[in-house]
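The first chain written gets the first letter, and so on, giving A, B, C, D and E; residue counts start at 1 in each chain.
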């Protein structure tokens, strides 16, 4: 079987349920692939892994991928399983922030390591400085959990709809005690989990064919996972996921982001993401060739 | 056991340990109180002081878990789980232990090799020594993830080294984690062994000269035995450093097993009890490793005519 | 006919380069030691006794002048394993038993197993340490350690024995005993012995030749040939002949000491 | 004595040159700016000449100079030929560079055997020898990354790191202020001081000493760094939580070493104090503390590296958006690997200075200790 | 009328609890030292000489029996700073200059600045170390270090001087000189001195009373009152009277030594 190494962006969890299901249910094998799924972690940069030859394809956010492309790692989006974004910012209702207008002078928790671009794009749009002071916001590099909100170290924190949000609920917050700013709902979302491969490798038809099979099987996995979230959560648990209930809930939430299940990249969303990055000078010139529909088109045939 | 051991060791140590546990309990109540108050007021209940204290010591995700919560968690995850379950602390300790030992082994080899070079070669001594010190001021732990990822990729990628070693992905993961341990542990060994290999007195060296002993004979019959106490002292430091390296190497690198990954997973889900249980497991592991080295030192020492204390 | 020369020094000088300037440790030393001699070196602290022994042993290089050992350079003599050296301190290896400490030179010089065992037993017997083979150095008193170190130097065949204050750490009674034993050994084996001491009676009692040295710069001020008979019971030390030689040595020392304390 | 003195480094360098000649050219075909014949030949001539001249019966100082100029001149020419030709270096190029390296090695060996008379000469050599060694680490690194074309985001060349440092001085300055001057320094001072005070207390109270010492010994072997996330949880995002990690990491080594040091004075020295009927404080001040100084400095040195590591790692678990640990983890995520290495270089520099200052103070304070007196 | 008693021991016993069983270091020691006495203790290694001095100095507690110093218990005497102690090794502090080492007891006992300076100068002069005030201990030879430690014990006013083999590390000439000086000092100041030595001539030369001890268990086997005159030039050592006392001491030692070597 053809070997494919997939590098995830984060630890094993429901967020990547589709790939684990595809592997577990033998969808990859049916396509003649032997897929090795490598979990990530807070300091694993999938871009670096693929540049070093440690993976054939990676799960990455569009922001990180475009930045890497400019830094000489020619990543190409070959599929976009997540058509919506799961990022949001939540604030305590009993705290000072109720609307976007209240941000000024307050402290916001943000994830860095390439996950900060949507936040900065949003602040850019609001015209808020991120350097602190009375007319800007104070930014904290947020750790892995919701403690900053519980302990009132930050007024608002970043969460994923499918993950940390539920940890806040577990910590005793009721949904009505939280103000939620959802990036997708605000129209500020930048593309999240997509599949990326190296441009030079894609020139090789054999590799391209391999990717077609990979994407086809993966999307089949996603379809199965969204239809059977509990079973998918079990599969994730078997592969090293933590906290079963949490994974089941996560599968349910993730299903809402996957969309039509074709994995096809929405060009408008791509354009918005690229523009937001350009506006903030995170990238310096309009990227070109950073995505292709070839793979998804071939896969859906 | 001599009665002195009881009086001079066991009683003071247990007293202080008990005092620490007591302080821990008080701290747990104090630190967990605000959240509990918050919670109670949201739920609209007003517990008695006694109930309140009880609740602060029984939170599922406390800021500071009470000792018995940690103990219970450790007990459940060691005794009650099968050893191969990935919730077993024994299993995670084993994973960490294996890369600790591997890194420690590499570190010892590298450290001893450097020490031998430095002791036998003036140019090495003068050019290498300052850089050895400088090497330890690099915050390797901060770039541990990068190192682990890059070396893992090199080991599994398509290059000459990878073909030469031909490791599978588990072995590569192990080796790349062990590199961090190696980096942290070679230094104390190198420094200690340089000291040790240079520890023979001038008179002992002169004695060898009067016998017209070859450099090899001087090395094996004098320098090596003289350096043994130094070797064990640095081994104690090195094995502890190795363990730190292995844990940090697992922290943010997507490892799914090991004490570091338990710390991370716990921290990711605010499962403080799990964090503390992992810390306890790490501490036990450190204790066991250091004691083993200490025991080995004692045995070797008495075989080499060491005087009982 | 005179016995052949074992150590012969001519105008020997040695200057140490210390960090606060050069130290003249030996200055124009002329000396001839013949086969079978028992030569004692005596002199105040720092007069170069140890340095001279070290030059003979090729542990120190002379700055000028000539020295030959059995007609060879010191280096050749060392490589020919021509001498045994007993340091001022026992210098036993703490991780080796007494037996193995004595075996050390034998191992290095490649003596065979059986030969080794025999030699160790003999040497131990000579210094009355039989029964202590398996002990480690720290289990022995200072005097016993010193004797073990003497045994180590006697275990292999060297005709020249260099001994640097070997009995300094011993009390008078033990010292007397070892003096007797050393004389017996010397008479039996016909070795040549160079012996450093601080004790005038010891020097007079043991030697056929006493070299008196004086410091700053270290030089030989007097060489006294002993008139005592070869047979020397301990109470020879109360005879007028003995006291006279002792007196001459003391006078020699006192002039060397001049005004310093 | 007018015969030649061969060295294995020199001979091997000549052999490597020969091998390089056989495997020419120095840059792969299609290089944008290939070597001109002139420069190529010049490099060969320099290396061969330096190797041959180093065999000549001349004083070592002369040989060292020739080797120094030859090795570094040739290496510089080789490296400067790389710009514009990234990733195009061939085997011959590296063989030649290794030849230069061997000559530099020979040069260091010659220098090590020098015994300069003046103090100035001594300290110059003491700096020059390790400097050459360090320079060659950088040269080989530069050649490996630029010559062999290792991707930038895997390992950037030192020249790019240097450029990045120069371009980012204000940011680096802010990070150093946050991490070193706040977290490390405060944590280090508080940790060492409290370890010291508890040790003095333990020295006075035998019960405390007996109980605390085994525990302290154990704890200093523990992976304390694991409490970093806990500290961030307790003390918040800013520097106090980092300082707390540093305090805990430095406390125990100081405690254990000081207790050992206070017990290190010889029994005869202590008996002497008893014969004077000296009070406990007098004994502490006049005997035990001076005798403990080597141990205390040992702890200060160990702690100087622990402190930096502790603070930087703690920043992984949440910080304001400034600080060396923050920058390192964030810039890896942004693929600015040169910035990561710039922070590392700054950290190593700061650490070395920190260590050096302590080592110098140690020399001044424990001038009497045999390990210092003996050089 | 007899001089008042300074040290008085009655049936003094001391047993050390070593890890391989108890060691009887002193057994039924009876001794009376009177004001102005110069008492030498001599005996083979391990016979308890040091132990006895340490009991007097309250560095060791006796197991049974009685001992009084100037009519006080040893602890009271120590707190009254009744004695100066010179250890077998110099025990100088390496971080203090010679001058400051001598100043150490003066600082602790609260002597004033000017008084201190004067006393240091005097003490240094007494042991001929003037000019070495600013040196550190390791810059001096072993003998000079030992003299500095003697100066340290002499710098403050203690009527009782306890000296444990103070001259062991010195060569014969320096030793002779210091013997003379010590006798002069003793004659001038009327101090009481307890002095441990391994050297028979030294003991005889210095003492008004020689205590011969023997080991296992440590006990006093002989107390010899010297018949030598108070005025003692160095060559008194060649007189028959001297030799006779020396002979008696040697015999006493030899019986103590019995069969061991």
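Just so it is clear, a residue touches a chain if its C-beta (ideal position, glycine included) is under 8 Å from a C-beta of that chain, and two chains touch if they have at least 3 such contacts.
Treat the numbers as computed from the prediction; the structure is a model and nothing was measured.
In terms of the stated touch criterion, chain B and chain C have no partners in common. Touch-path distance (fewest steps) from chain B to chain E is 2.
Note on connectivity: the fewest steps through touching chains from chain A to chain E is 2. Among the remaining chains, A is positioned farthest from chain E, on the basis of C-alpha centroids.
Two chain pairs, B-D and A-D, are weighed by contacting C-beta pairs, with B-D ahead.
Chain A and chain D have CA centres that are 39 Å apart. With centres taken as mean Cα positions, chain E sits 54 Å from chain D. Averaging Cα coordinates per chain places chain A and chain B 35 Å apart. Our note on geometry: chain C versus chain E, Cα centroid distance of 32 Å, whole angstroms.
In chain D, the residues that reach two or more other chains under the touch definition are 154, 229, 233, 316-317, 329, 332. Residue positions of chain A touching 2 or more other chains, listed in rising order: 42-43, 45, 48, 52, 143-144, 147, 151. The residues of chain B that reach two or more other chains are 63, 145-146, 150, 251-252, 267, listed in rising order.
If you check each pair of chains against the touch rule, the ones that pass are A-B, A-D, B-C, B-D, C-E, D-E. Within the complex, the chain C residues that touch chain E are 44-46, 128, 141-143, 171-174, 177, 198-200, 238, 243, 250, 253-254, 257, 261. The touching residues of chain D, counted against chain B in their complex, run 105, 108-109, 111-113, 125-126, 129-130, 132-134, 137, 154-155, 207-208, 210-212, 214-215, 218, 220-223, 225-227, 229-230, 233-234, 305, 308-309, 312-313, 316-317, 324-325, 328-329, 332, 340, 344, 347-348, 350-352, 354-355.
Those residues of chain A that touch chain D in the complex are listed here as 42-43, 45, 47-48, 51-52, 64, 67-68, 71-73, 112-116, 130, 138-144, 147-148, 151, 153-154. Against chain E, the residues of chain D that register as touching in their complex are 266, 268-269, 271-278, 282, 286-287, 290, 293, 366-370, 373. On the side of chain B, the complex with chain A involves touching residues 35, 38-39, 42, 61, 63, 86, 145-146, 149-150, 152-154, 156-159, 169, 251-257, 264-265, 267-270.
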